[in-house]
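There's a structure below that I have some questions on.
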Amino acid sequence: MSNTEDKSTHTLVVSAPDRSGLVAQVASAIASHGGTLVESHNHTDTQQSRIIKRNVIADAQTYAPAAIQQDFTETAAKLSLDWSLHNNGEPARLVILASHASHCLADILYRWKSGEFNCEIPCVISNHENLRSMVEWHGIPFHFVPVSKDNKQEAFAKIDDIIERHRATTIVLARYMQIFPAPLCAKYEGQLINIHHSFLPSFIGANPYQKAFDRGVKLIGATCHYVPTDLDEGPIIEQAVVRVDHSCDKDDLVRLGRDVERSVLSRGLRYHLERRVIIFGNRTVVFR
Amino acid sequence: MSNTEDKSTHTLVVSAPDRSGLVAQVASAIASHGGTLVESHNHTDTQQSRIIKRNVIADAQTYAPAAIQQDFTETAAKLSLDWSLHNNGEPARLVILASHASHCLADILYRWKSGEFNCEIPCVISNHENLRSMVEWHGIPFHFVPVSKDNKQEAFAKIDDIIERHRATTIVLARYMQIFPAPLCAKYEGQLINIHHSFLPSFIGANPYQKAFDRGVKLIGATCHYVPTDLDEGPIIEQAVVRVDHSCDKDDLVRLGRDVERSVLSRGLRYHLERRVIIFGNRTVVFR
Amino acid sequence: MSNTEDKSTHTLVVSAPDRSGLVAQVASAIASHGGTLVESHNHTDTQQSRIIKRNVIADAQTYAPAAIQQDFTETAAKLSLDWSLHNNGEPARLVILASHASHCLADILYRWKSGEFNCEIPCVISNHENLRSMVEWHGIPFHFVPVSKDNKQEAFAKIDDIIERHRATTIVLARYMQIFPAPLCAKYEGQLINIHHSFLPSFIGANPYQKAFDRGVKLIGATCHYVPTDLDEGPIIEQAVVRVDHSCDKDDLVRLGRDVERSVLSRGLRYHLERRVIIFGNRTVVFR
Amino acid sequence: MSNTEDKSTHTLVVSAPDRSGLVAQVASAIASHGGTLVESHNHTDTQQSRIIKRNVIADAQTYAPAAIQQDFTETAAKLSLDWSLHNNGEPARLVILASHASHCLADILYRWKSGEFNCEIPCVISNHENLRSMVEWHGIPFHFVPVSKDNKQEAFAKIDDIIERHRATTIVLARYMQIFPAPLCAKYEGQLINIHHSFLPSFIGANPYQKAFDRGVKLIGATCHYVPTDLDEGPIIEQAVVRVDHSCDKDDLVRLGRDVERSVLSRGLRYHLERRVIIFGNRTVVFR
């Protein structure tokens, strides 16, 4: 559950068909370069018979990232591994999109400023102007890209251009109230994270708090998930709920929900940035 | 949040159109008989402009239940109140229906034996024989009523007969895996309580744990609700969730879910037995 | 559980020896002025035989605050009531003290800006300069009052002067790392709120996260409480915990604890500002 | 988090000074016998620079438990490992001690009967007779060993004799209200599990619910821990809390606490039985 890796480490993620000896082979490859395992998680998916591994590796003097990259490419080919080896000295580049509501954006910026996220935030994009001052106070450029019925294609072309120009590696929709076009969702698959203000699959779509109030549920929740073509239905990264009762009107649900939304999104985002999340069909492995 | 009222008390529940002075009038009526308020809850539903009150009343020497019943009937007529006044010395009569799974039934019987529920349990009905020994060990008669495709009407006529014969005031479906016929649901409306093994409205219907596994949710839950004609969709009394992760297969969800189901059902049942639950359309007020 | 009362309402809090008819008398006094109960909570303390009531009262046209104040003064004398009647159109005046850590302060300012707290914040006081920019960005004056071993008396005289000058009605120690002098604690009894970064009474005093780590607890917590002479031991308003495990080092506890501290403090502060908290010896009644 | 291992597997627990290559060497040793890792947890304790591993190993045809035991003994000597290899086909033998309160004992027996615990329960020992019928209904022998001021030494000699005779590998104090003699605590160190009815280190010793009530805490809890010489102060396995408020009197705390106690004890016991708990000074690693 530890946070923001030492910048001198590497994070290795491996996914491969399960078989005896695989863990030993991967561990041996790391050890042969003098690497030490700081953190090590394994999961065996019995249904699909796959092993998923995540290792944070501290480097010995003899260990050169370039060497292990090259070496691991060979090992992986031999062993039929899906793998990635990430240098934690190279922070992710996070672009955030928001609309009018500030709570999720404010929480991410706050945690980023506190050093909880190992990333750079090259810019924030919004279809409203009201959050500009808060963003710029953090020293982050703010791009106002208005979206209307008539300019959608143009607006999202502009958004995509901004994302590309800033070389974003992760994009977060922090209560961004516009539907992302399917081609962009496809382009950024596995990098595009959304927060939905309900406990999915309950209350998919618009106005989940009104729906929750009308249904009389005793808990409300929030869901952080990857965005597929269908907005609310991607692989779930994190969820949480909070208790409500008959004394809560819809505005109370909205207010209480804000706290859940922001903490669920920030937690899910941290898992993603620390490469703790492995997408597995429509499900996720999250090595907390 | 206190439990199982002193048997010398009465519980008054009032629902009425909101207007100035109503609380004072009800409180005055109680005081005029020398009653003392041991517990007092109020809720104003602003949408429907109704006041809902629940009072537990300790009796003064001058206070006679028959007198207050009569007096209150007059007050209620004058004030257009829906009301009920229950003598807590007269325990509810609870009939439980179960199938093969024992966890919910066992939990209810355990709490009942521990004095947590102010009720009698005149019998348990099941379509399997495997729980007979546990029920009879508690000194409670066990009725085996097999249900098949072909004998449904006959079986439920028999079940209704047993319920009637035992003068049940509350009926609990403790993971009873047969669909209650609509006419019986209507007959026992507001007295018939079910536990659904998901966080409604997610995963309505059969096999919710399989559905939860397939969807990759990070929390699973249970819902205690009144049964309307449509099995999973009545007013919700209580809900809770438990965290799960990628290491849980479907059997783990079933096992972890059992703990949530039994505690949610027992808690909801207690609220109902203590007359803390007021149905309000498809929602509930629960004065905990 | 609803939030920040309509500014046209009054909040009445009553504490009195329990006896039959009291609730009726208070309710009648309200009704006689045409007041309507928007929210109504009652608690009977059986040990001390006292009734505690909190009512939010919406005014009818015929209802004049001055009149009810006068009338209630008479009623209260007759009935031996402790009572207060607060005009919710007059917001509390909150002064916050912080040191170097920003999380609690940032959360309070954020919620205040979002309209979650019915109060004014005339200033923030700190013994460090690092939070000035954040405070001033919110349009709130920032007072830097350094505290050292040698200037304690002088520094706190200055702090008290600032508090008085801004007519504070509530003072919050938002991870303020200086011990408040006993005379100031006495002067602001019931108005001075602290957040302690442990689940009291565990880990009283300095370095609670280190102590929690050394003890190997599986949950860490935070406690919002009124400050008496002894810093960590006043009446508790609110507490919460978060799960930790062996993978968390002390820095992880600090990081995870920040989230609990800020939400516990903000929740407790809201209860206090909405006059939901009634101190009762070393315990509190909190009408959520 | 999965439950009750396949009986054809082995569980390997290793603790060793941290160094590069260790995980590879252990994994290679397993693989060289054709073993497959079904479950694999690793923890690096950075303070003490130790690696702790737990592996559940499924056997290949070529894999013989006797062979791996022998082989691992050699490996361990070479690598300075503390290690244990347990055949999951050989269930633990659990002896439970209880007094008058039934909730923890009932919960353990219920889960055992449901197949949640991979253990045998050769007997239950109590200093009261009231739980005999419940125990015997489960088909488990019940030993009544009265304990008084005068017969303590004799009584515990008898208890120790029963434990030995039944070859217990785990002993649970399920709200057993007698203090275990220090020599027995020493004899069964790491095998003797207690449930304390508070959130330790709060409210150590007798009457924790009364103390919690008097202190006015907003959460009450329970702690499952190994018993050292000092009854309440051993390594903590599991803890949980439940919310309470001013409406709860001491009896309500006791009632609500029962639910937490029984679930915390059962969860901690399961972790222990599945060899998920590694004691580490006065702390524990729990691989859930």
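Some points to look at:
Chains here go by letter, A, B, C and D, matching the order in which they are written, and residues are numbered from 1 within each.
Keep in mind that, in the parts below, contacts are C-beta pairs under 8 Å (C-beta built on N, C-alpha and C of every residue); 3 or more make two chains touch, one makes a residue touch a chain.
Just so it is clear, the model here is predicted, and its values are computed rather than measured.
Two copies of one chain, chain A and chain D, form a contact in which over half of the residue numbers belong to both partners. The chain with its C-alpha centre at the largest distance from the centre of chain B is A. Chain A and chain C have Cα centroids lying 36 Å from one another. For this pair, chain A with chain B, the centres built from the Cα atoms lie 41 Å apart. Among the residues of chain D, those touching two or more other chains are numbered 39, 245, 247, 249.
Touching chain B in their complex are the following residues of chain C: 18-21, 23-24, 27-28, 30-31, 34-42, 44, 51, 60.
Only residues 1-3, 39, 102-103, 106, 110, 114, 116, 133, 137, 244-245, 247-249, 251-252, 255, 258-259, 263 of chain B touch chain D when the two sit together in their complex. Chain D contributes residues 43, 45-47, 199-203, 214-219, 221, 235-241, 245-247, 249, 280, 282-286, 288 to its touches with chain C in the complex.
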